[in-house]
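One chain, subunit A, links the two complexes that follow: it is found with subunit B in the first and with subunit C in the second.
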Partner chain A sequence: MNTVDMIAVIAAVFLSPLLGGLVAGIDRKVTARLQGRYGPPILQPFYDVLKLFGKEKMVVNYWQIFCAYMYLAANILTVVLLALQSDLLLIFFVLAVGGVFLVIGALAAESPYSQIGAQRELIQMLTYEPLIILVFVGIYLEAGSFKISEIVSNYHQPLLISLPLLFIVLGYAIVIKLRKSPFDISTSHHAHQELVKGVMTEYSGPYLGVIEISHWYETVFILGLCALFWHTNFIWMSVLIVVTYFGEILVDNITARLKWRWMLPHAWTGGLLMSFANYFWIYAKIQ
Partner chain B sequence: MVEGLIGVSILLPCIAGLLCFLIKSPGARSAIIVATGVVLTISALMLFNNGPCTYTPQTILGLDVNLLITVADFGLLFIILGIAFKLGNPLVIILTLLQIVPLAYFELKMAPHVELSPAFYIDTLALVMNLIISIVGSLICIFGIRYMEEHEHHLHLKKSRQPRFFFFLVLFLGAMNGLVFSNNLLWLYFFWEVTTFCSFMLIGHDRTEIAIKNATRALWMNMTGGVAFVAAIIAIYYKTQSVEYLSLQTLINHSPELTGFLLLPFALLCFAGFTKAAQVPFQSWLCGAMVAPTPVSALLHSSTMVKAGVYIVVRLAPGFQGTYLSTMVATFGAFTFLTASALAVNMSNGKKILAYSTIANLGLIIACAGINTPAAIIAAILLIIFHAVSKGLLFLCVGTIEHAIGSRDIEDMRGLYNTMPAVSRITIIGILTMMLPPFGALMSKWMAIEAAANIPWVVVMVALGSGLTVLFWARWAGLFVSGPQLKQQEIRKESALKATLLTLFRGFYPNAKWKDPASIKVPLVVLASGAILLSMTVPWIYTILVKPVVASYRTGLFVEPFKTMPFGLTSGVGAFYVLPVFLVSILAYLMAVFASQKGGHRVISAPYMCGEQYPDPMQPKFRSHLNSWKDYMAGNVYLHEFIGEGKISYWINILSLIILIVMFGEVVR
Partner chain C sequence: MKSLISKSRVKSPWLIHFDCGSCNGCDIEVLACLTPVYDIERFGIINVGNPKHADILLVTGTVNHRNKKALKNIYDQMPEPKVVVAIGACGTSGGVFRDAYNVVGGVDKVIPVDAYVSGCAPKPESIIDGVVIALGKLAEKGKKVDQGIFERLEKTQTAIMAR
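Coming up: the complex of A and B.
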């Protein structure tokens, strides 16, 4: 492993929670402004997590602790693999590990709320996972590799130009993955959406803190995926990330939660149609 | 020595089966089964160590082997015909006659005395299959000893029917070994029919009405495959006017100008493979096979029977590389993967989940064979290996659980970790090895997706199916650990580090004893550790077991699709870092266990019930009207309104038939 890789790993492990927390803070601020409130300070998520770590440790079942840490580890590994520019599908599978352990942790507690949350989270995973695979396949068809390192070095124009529809599919998947409204079905950041916090119901204190930090890693990973669509120019990359994330926040605030019975068929149909359209585009271009 | 080992692999199970049938003493029978398992394992390892080879047996005990197999073949078909008359099932009678008459015509009129050399062609693929059959199959037979004792105890039988059961169970292993070694298609056909017959007898073993019904269904569905097989043999001879092409190796390595002629036989043989591998629309026989005792399901699903179906497709794949047929096989396999995964989501019966997941994985293997690049074939073979181990393990786990709790419904397995920690833990390992990285099954899926990426509709079906598999595995694993924290955990006084290490072997309840007998413990532990170790050593498995298979065909054109690195595999388009991911997983696991075992102040609370909960945290209940306590019920989402089994099975069967018709239509044309 060379020095650049080492730095990438260290940055991924230590800087991404800072970045993720910051994004969460900005998210809350922007959301508040959109709702006509003043909103918390940008650093509020960090204060929250620090406070969580000072609270009493309380669990229903030791499996919850186990699963919280596995969730964290999987998400850290996802970001590290992204920073090392490894295989997109491998990264995707590691991401799934985190999701699976979050669900197992929620199922471990015999509370009806977290059980329902777990089932809904599973449906959310079911909805976004194929979409993300389809996006990655599209990237492969266009750039000729699943390895980020080779895409970055061999493909010299922004992926967004040839894969606009797949970027929309990715946006769709991101809303579901980040559990933003209208797909905040398994658990919601908005108090008005639900009484009990779904998949997170039985997590409290330091363990909820661990879950929060894992979520920051997840956010960074998602932003990294978006960045891949404009890897040629740093400024445009940043613009793309900012615009995408602002779009997500906007959608989050102007929509109300939908049922999974709506989400699953619509996301799949829309995602499949757009992916196919984009594949044909790529093929037509090759011909 | 090679002759001896081949003889042991095929004949020893037959002799041991006969002994099991004749000797009525349970002790002696157990000894024979264990001894056979050990000898088979050793012989498979020695044979593997010896490397690829060929062999043509001339005589056994002075009898001409070729003649012997021909006679046995007809004998078997007439036995099946007799059974068909006894069952009064016209369909089976017709299907049997459709094999006897053409085969007799072929053997007597068209091509009498087909002598092929070599009769046994044992390359690395056959050796890998032999290892799987001999090791996983033997472990399942050993598990069966104790299982059948309890099974018959539950049934209150006056006279034990175990001799008959073990006769067919052990015989199965011999037939499978013969099947994977055979190069002569007529011999292969014989062993093929033996496995069909054995599975019929084993599925119907309990002789209940439903068992006989399902066994008959398995029989007729597999007999259609048999008919296709005979048709393929005749078609090969008819098209080439030469018996040379009845040798599997000649058939596969035919000269390019013959490809058009041979597509029909290839399609027919693939169809035979589809029926045996229970692909849609033949999925119902494998699901129906669930009525049989667990060792049967475990054997049919992991190391034998269905693996014969995918084996033949993978074996033939190089022969139809780059043709229309190949694309159709890939489409068909991917379609099965998607639909069977959807049906698995729909099930709450643990064994049916396993059954549909088996069908799905076989579909993925067949899809890989159809994609037919070296990388895809490697994915297929790795999947055969990892699936055999993990699925065998999961069936044995469900069987053990079923005997303990009297149910195979996953909803009844809620919180099983609190009562059966050891078996639950092993089941969770089995589940995770099927679905998560860095385990081998998932690595094969990674290879499959990368290989499929150039056929968009195939990759879409694989992607959707792969999402569905995560759903049904994850919730099952979660259900096991759902429940309150038991008190016995609190009494311990070891240091956190020691507790963490102990947890590796004994889970979160170190004081709980695992009471099952050795014949149940040993297969479970061996298969569970095997599933993990095989995954960890995947770069070596690839180099030793899988690469030679792909390198052996299309010599000269072979470009190695994957490179082993000290820590994983890379392909031209991707990389899978096995060891680093494993290392991080182990570290994460230890960290997570350590965190949960650490001492210090910690409150075990009752789950949240809106502040209206029952005082005892062990029993989550709501306060209801008049201060009465009401239980709550939680259940899985089975997506019945979208993909109810009854609702979509019909359409799945229609669509799969259309794919098959399109496949044959173009080939015949």
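Coming up: the complex of A and C.
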């Protein structure tokens, strides 16, 4: 491992929770302004997590603790692999493992809220994972590799130009992955409530804090995926990330919660149609 | 690190609202605090639906023999440090219902109360005032929790020790 890689790993592990927390704070502020409120301070998510670490440890059983830490570990690993410019498919599988541990932790408790929340989280994973795979396949068809380092070194124009529809599909997947409205059916953010708190109902105190930090890593990972679509220019990459995340917040605020029966068919048909349209376009270009 | 945590406690109180047989007058005023006019989220306060995530328990209405178990249960489910705010004439003393055969009385007959908000129904401003007073108590209790002292109901303490 050379020095650049070492720096990338250290930055990924230590800087991304700071960045993710800031993004969460800005998210809450912007959401409040969109609703005509003043909103909490930007550093509010950090206060929340610190407070949670100061709370009493209350657990239903020890599986929960294990699952919370595994969820954190898997999310850190996805960000580290992304920073090391590793294989997209490997990152995808690690991401899936993290999601599954969150669900197992919720299923370990007997509370009906966390049970139903866990089932819904599984359905959400079932919905967004094929979409993300389709996006990765599109990147492979266009750039000729699943490895991010090879994409960055061999492909010299923004992926967004040839994969615009797949970027929309990724946007769909991100809304589901970040559990934002209209797809906040397994759990919800801010002051919203769904099934009390869905999958997170039974996590409390420091373990909820661990899950919150994992979510920050998750946010950074997802923004990293968006950054991949404009890897040639740093300024345009930042613009793309900001515009995408603001779009997510806007969608979060202007839509009402949907049922999973609506989410699954619409995300799949829309996602599949747009993906295949984009594949045909790539093929036509190659021919 | 400890001073950071105790600062954060006051800056991020999550509250849960329990309607203990209120006429809904106080409930409307509690929810009014969350609207854009008062916007208590600017102090980091979030209305959560889950006692396991909450720091402040807002109770409205009189306690009767049926729902005192529910009230105790919710109180027990909240991890320490935690504070209780009794809201309205009924919550603080039982109000006009205090002599009724089915009424136990104010919230403080069942669980320890840290702040009382009078009024029928109290204004949102006075509810926010009550919460602010409770926050001072929350900071004190937080220091105790850091030393390993937990304020629990007697039966809960024995149940935990038995386990």
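Everything that follows uses one rule, which is that the second predicted complex is superposed on the first by the 283 of 287 C-alpha atoms of A that agree within 3 Å, B and C clash if a C-alpha of one lies under 4 Å from a C-alpha of the other, contacts with A are read in each partner's own complex, and residues count from 1 in each chain.
The rule is simple: a contact is a pair of C-beta atoms (placed from the backbone, for glycine too) under 8 Å apart; a residue touches a chain by one contact, two chains touch by 3 or more.
Please read all numbers here as calculations on a predicted model, not as lab measurements.
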Which superposed partner A:F46 touches (first subunit B, second subunit C, both, neither): second
First (subunit B), second (subunit C), both or neither touched by A:A227: neither
Which of subunit B and subunit C A:Q35 touches, first, second, both or neither: second
Touched partner set for A:A96, first subunit B, second subunit C, both or neither: first
Which of subunit B and subunit C A:S86 touches, first, second, both or neither: first
Residue contacts with subunit A in the superposition, subunit B compared against subunit C: B
Which superposed partner A:M58 touches (first subunit B, second subunit C, both, neither): both
Which superposed partner A:L208 touches (first subunit B, second subunit C, both, neither): second
Touching partner for A:V196 - first (subunit B), second (subunit C), both, neither: both
Which superposed partner A:P130 touches (first subunit B, second subunit C, both, neither): first
Touching both subunit C and subunit B, counted on subunit A across the two superposed complexes: 56-58, 196, 201-202
Subunit C residues touching subunit A - in the complex, by the definition given at the top: 4-9, 11-12, 14, 34, 36, 39, 41-44, 46-50, 52-53, 55, 79-81, 142, 145-146, 150
Touching residues on subunit A, where the partner in the complex is subunit B: 56-63, 65-70, 73-74, 77, 81, 86-90, 93-94, 96-97, 99-100, 103-104, 106-116, 118-120, 122-123, 125-127, 129-130, 133-134, 137, 140-141, 144-147, 150, 196, 201-202, 261, 264-265, 268, 272, 275-276, 279
In the complex, subunit B residues that touch subunit A: 415, 417, 435-437, 442, 446, 449-450, 453-454, 456, 459-460, 463-464, 466-468, 470-471, 473-475, 477-479, 481-485, 489, 508, 572-577, 581, 584-585, 587-589, 591-593, 595-597, 600-610, 617, 620, 632, 634, 636-637, 641-642
Residue numbers on subunit A that touch subunit C, as the complex places them: 28, 32, 35-41, 44, 46-48, 50-51, 53-58, 190-191, 193, 196-197, 201-205, 208
